[in-house]
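Read through the structures below before going on.
What follows is a pair of complexes built around subunit A, which joins subunit B in one and subunit C in the other.
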Partner chain A sequence: MRIPPSLELFLRAVVGRAYPRIVGANRELSWLIPESVLPILGLAAYVYVYRVMKAPPEFVGYVVLGGAMTAYWLNILWSMASQFYWEKETANLQLFIMAPVSPMAILLGMGIGGLFSSTIRAGAVILLGSLLFGVTYQVTSLGLVLLVFFLSLVALYGMGMLLASLFLLSGREAWNLSNALQEPVYLFSGFYFPVKSLGFWAAAAASIIPLTLGLDAMRQLMFPGDPTMGFLSPWMECGILLLLCPVFLYLSKVALKKMEHAARIRGTLSLRWQ
Partner chain B sequence: MAVTLEAPRRGNSLKEIWIQFKQASRLGWLIESNWADPFVFAIYSLIRPLSTALILVFMYLVVVRGSTSNPFFAHLYIGNAFFMYAGRVMMGISYAIIDDREHYEMLKYIYISPLRIFVFLLGRGVAQVITTTVSVLVILLLGLWPLGIRIPWSSVNWLLFWVSFPLGIIAIAFIGYLIAGLILVMARHAWSIADGVGAVLYVVSGAIFPIDVLPIWVQAISKAIPLTYWLELLRRSLLGSSFSPAFNSMPTWVLFLWLLGLTVLFGFLGYVVFQRMNRVARQRGMIDQISGY
Partner chain C sequence: MPEAILTEDLVREFHLKGGRTIRALDGVNLQVDPGELFGLLGPNGAGKTTLIKILVTLLYPTSGRAFVDGLDVTRDVLPIRQRINMVSGGEYSGYGILTVKETLWMFSQFYGVPYKEAFKRIEELLEVVGLKSEANMRVSKLSTGMRQKMNFCRGFVTDPKILFLDEPTLGLDVEAARDIRAYIKTWMKEHPGRTILLTTHYMAEADELCDRVAIIDHGEILACDTPQALKKKVSGGTLLEISLSGLYDLSWLKGNSGIKGLTYSSSIEKSRTTLKLVLESEEVVPGVIKELNQREFSILGIQSVEPTLEDVFLTLVGRGLSDENSTLS
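Right, the complex of A and B next:
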């Protein structure tokens, strides 16, 4: 069976953009040290706060799991959403736009390339965090954990593409926007505490960020100690994530097209240092 | 006709250094803030620190399920609020090297201008002190109301506060110079040095928990950095008590002497390391290097 030429081009663009990230990460292995040690330091402070307050042991697990998932949020924020801003600054964006490929293919390639280093970072956090702070896991359904994780990432990377479209128009505010989105998402998605404690409506609003439901479901499936800590049932959260995936992918496709058109009109595609 | 070119002279008199400092501070402020109108800038400046503070609030509430008027919460909250200076001022000084060398490609022009690089970086730090002060004040107000932190206003030791506070900022600035010096001679991972030092200090300084819970060898590091004493003195001046049992029996003047001594030590280290690395970077032609990393 012959692959349609447009699909072949799309796939080649994905591979072409993912390649430098994966190969680059393997050529310069020194990044592994800061990428695995820094997140541990960040979450160590929260672990000690819980210990001082004599929180149940699963809270340390919540922090370690949340700390691991920050790798994916940071990847979305800095290596995908704001990546178009960096490409603009290095004068690559205009080349991407000139090429006869979809921006979605380029973003997907970035995402897949970034997934490689993010997964290593997340794995290092889980491994080191669990060993250093003595976290024990009681996985009730490995299949569901993996399904929730997969769906969370698909929806999250769709959201990343949507954010990237906004950055097509941005100048220096892109850096500040990424900065401003980092900690608020840690807060509203409950990276370091159960999201249920925000209250039902705040947690429901925060569920628009795929990691909110993904983290909550994974925590319930990996630390079943206190069932009252979960926001919704893992199956329901899995179902909502399944709905969010096509919604974000569709919205990102529409937004990228509109924003690219707006950026062409405003002449911001090649504007540097603004 | 022969043309003689004279290198720009960097003034040494106090007046000239003051002028340079003022210009560097103004420049630092403009770089930090002129990408948005003041209202948008204020929102962006507040969102991140407010979120960090609220993460701690929810962590506390979900476990303790009690009132935030508890003294433990006040110590945690105030420590976190003032630690923001450490993150932002230190980063402001050290990140300026990465920003101006790699991103805006302006560092070489700073070097050939009459402005001293040391004073220029101080200006970038001052801009961060201004924005951080606004953030800290908003967070403290949020702590007082609606969170209900109790500060015994009648017994606040303002003298101790106003003597300790600037001393800590100076110590933080010199740690920033130390990192900036290292960044000058680094091509890769420069950002991770700055981030890493910030993360280490957040843990070892006992910003959000008493240092007694740390392993003994980490406690030794805690007691060798000025920030630990600075935060303890600020808490003692505002709340009248110690967060960490390790400092309970230590008189305030001893804590202050530790802060003073360590500030002088880090000041010396920061200055010497920065000047040395500055010379090395110029000798190796690293001032305008762009790694694209």
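Right, the complex of A and C next:
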């Protein structure tokens, strides 16, 4: 069966843009040490706090899992949302935009490439964190864990594509916006504690970040010690994530079109040093 | 067959912070035929790049219309993008972590070039521009000239119908610039029907390469014709080159009657100032010499020169292209 030419072009562009990130992850291995070892130091602080407080042992697992998932959030902020700013500085952005392919393919390639390098970091954190802090996993449904993980990442990278589109008009402020989003999300998405403790409405509002629900569901499925710690049931969280995936992808497509239009009016697709 | 490029009263304004507006293009009318190597000449800030950005669908015009291969740049974006490519001088596109070959392959994928075909073209292009031995070198290790050559290859690897070259030899050494010019000529010969719009502020480059040139300044097209015809227009006046011993500011000459334009450059090494004048007629020459003598300038030599495109620009605009000190008469 012959692939339609437009789909073939789309897929080629996805592979083309993902390639530098995947190759980059293998070619410069020096990044692996700071990316995998240093996050462990941050996690250790939370682990010791929980131990001093004599918190249930699954809290250590919560922290390790949350710490691993920060890799994806950081990737979204710095390698998706603000990426077009860097691409503009090197004149790549104008070349991406003037290519006869949907910019969604470029974003998707960026996302898949970033997913690859982030997964290496997340895997290293899980492995090292579990070994160092003696985390025991009691996976109740591996299939559902994998499904939640997959949906979380699709929705999250959809959100990353949306942010990248929204930041298309930005100059240096994109860097500041990413910075402003980094720490608050650590808190509101409950990276190091069960999000339920924020209260229902705060947790519900934070659920706009797909990692909030994904993390909560995965914790419930991997550390079923205290069932009252979950925000919503894993199936419900899975359903909401399933809904968020197309919503973010659709919104990013619409936003990208509108932002490209606005950028062509303002002349910000190729102007540098803004 | 539609024109390769057509613009009608094209205007582009940029609104800056503080309410200031810059008119980068001011009613540009241009027609480039298929198969032409067309040059757009002008100093920095003349509007060349803005015009190209509109034609490659990166900018909307404020008013007026522009067509590429008969397609409207505001409406027919995708079909235009399928037909074009652009190379800008001094750009740093690509990723340092990739090799030259990988970078070119990556960009070819955005145009859907099949793998085999892409690598075949890449090999050929790298050979032509003398980058074959650097094919597997990381982009981050390339010199500026090598990187510029790589970007040049990027423009051709997609085999565009219409190619926009925005100062392609900017910052290159003489040899590299010569290689690039030679390839442009070969490509045009081997691909009849393809069109190149070349912007440059190197007049000799335009003179060597272009079938026709347009001279642009402050967003307006001042003249458009073949290089020969443009130079012929200037030969009506007198072009004089005067060498003076010492380094001088000669801007005071600008008000003198009979001087249509002047430019001068000083060489610290030789302690010499070379003054180029476009005069209304030969009758003005004695007056100029007399004035220089009265001011006790030491004249080393005077010669009448054949017009170049630089002189065309000087005549049209009243100042030189590259000389910041040149003045408007």
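As a convention for this text, the second predicted complex is superposed on the first by the 274 of 274 C-alpha atoms of A that agree within 3 Å, B and C clash if a C-alpha of one lies under 4 Å from a C-alpha of the other, contacts with A are read in each partner's own complex, and residues count from 1 in each chain.
Just so we're on the same page, a contact is a pair of C-beta atoms (placed from the backbone, for glycine too) under 8 Å apart; a residue touches a chain by one contact, two chains touch by 3 or more.
Keep in mind it's a predicted model, so treat the numbers as computed, not measured.
By the touch criterion defined above, A:Glu28 lies against subunit B and subunit C together after alignment on the C-alpha atoms of chain A.
Of the two partner chains placed by superposition, only subunit B is touched by A:Tyr192; subunit C is not.
Of the two partner chains placed by superposition, only subunit C is touched by A:Pro5; subunit B is not. Once the two complexes are laid over each other on the shared chain, residue contacts for A:Gln138 go to neither subunit B nor subunit C. Of the two partners subunit B and subunit C, more subunit A residues are in touch with B.
In the superposed model, A:Ala55 makes contact with subunit B only, not with subunit C.
Of the two partner chains placed around the shared chain by superposition, subunit B is the only one that A:Leu41 touches, whereas subunit C remains out of contact. In the superposition on chain A, A:Ala91 contacts subunit C only, with no contact to subunit B. Shared contact residues on subunit A (touching subunit B in one structure, subunit C in the other): 28, 90.
Across the complex, subunit A is touched by residues 14, 53, 56-60, 78, 81-82, 84-86, 88, 91-95, 97-98, 102, 105-112, 154 of subunit C.
For subunit B in complex with subunit A, the residues that touch the partner chain are 35-36, 43-44, 47-49, 51-52, 54-56, 58-64, 72, 76, 103-104, 188-189, 192, 195-196, 199-200, 202-203, 207-210, 213-214, 292-293.
Listing the residues of subunit A that touch subunit B in their complex gives 28, 30-31, 34, 37-38, 41-42, 44-46, 48-55, 59, 89-90, 171-173, 176-177, 179-180, 182-184, 186-187, 190-194, 197-198, 273.
Partner subunit C is touched in their complex by these residues of subunit A: 5, 8-9, 12-13, 15-17, 19-20, 23-24, 27-28, 90-92, 94-101, 105-106, 264-265, 267, 269-270.
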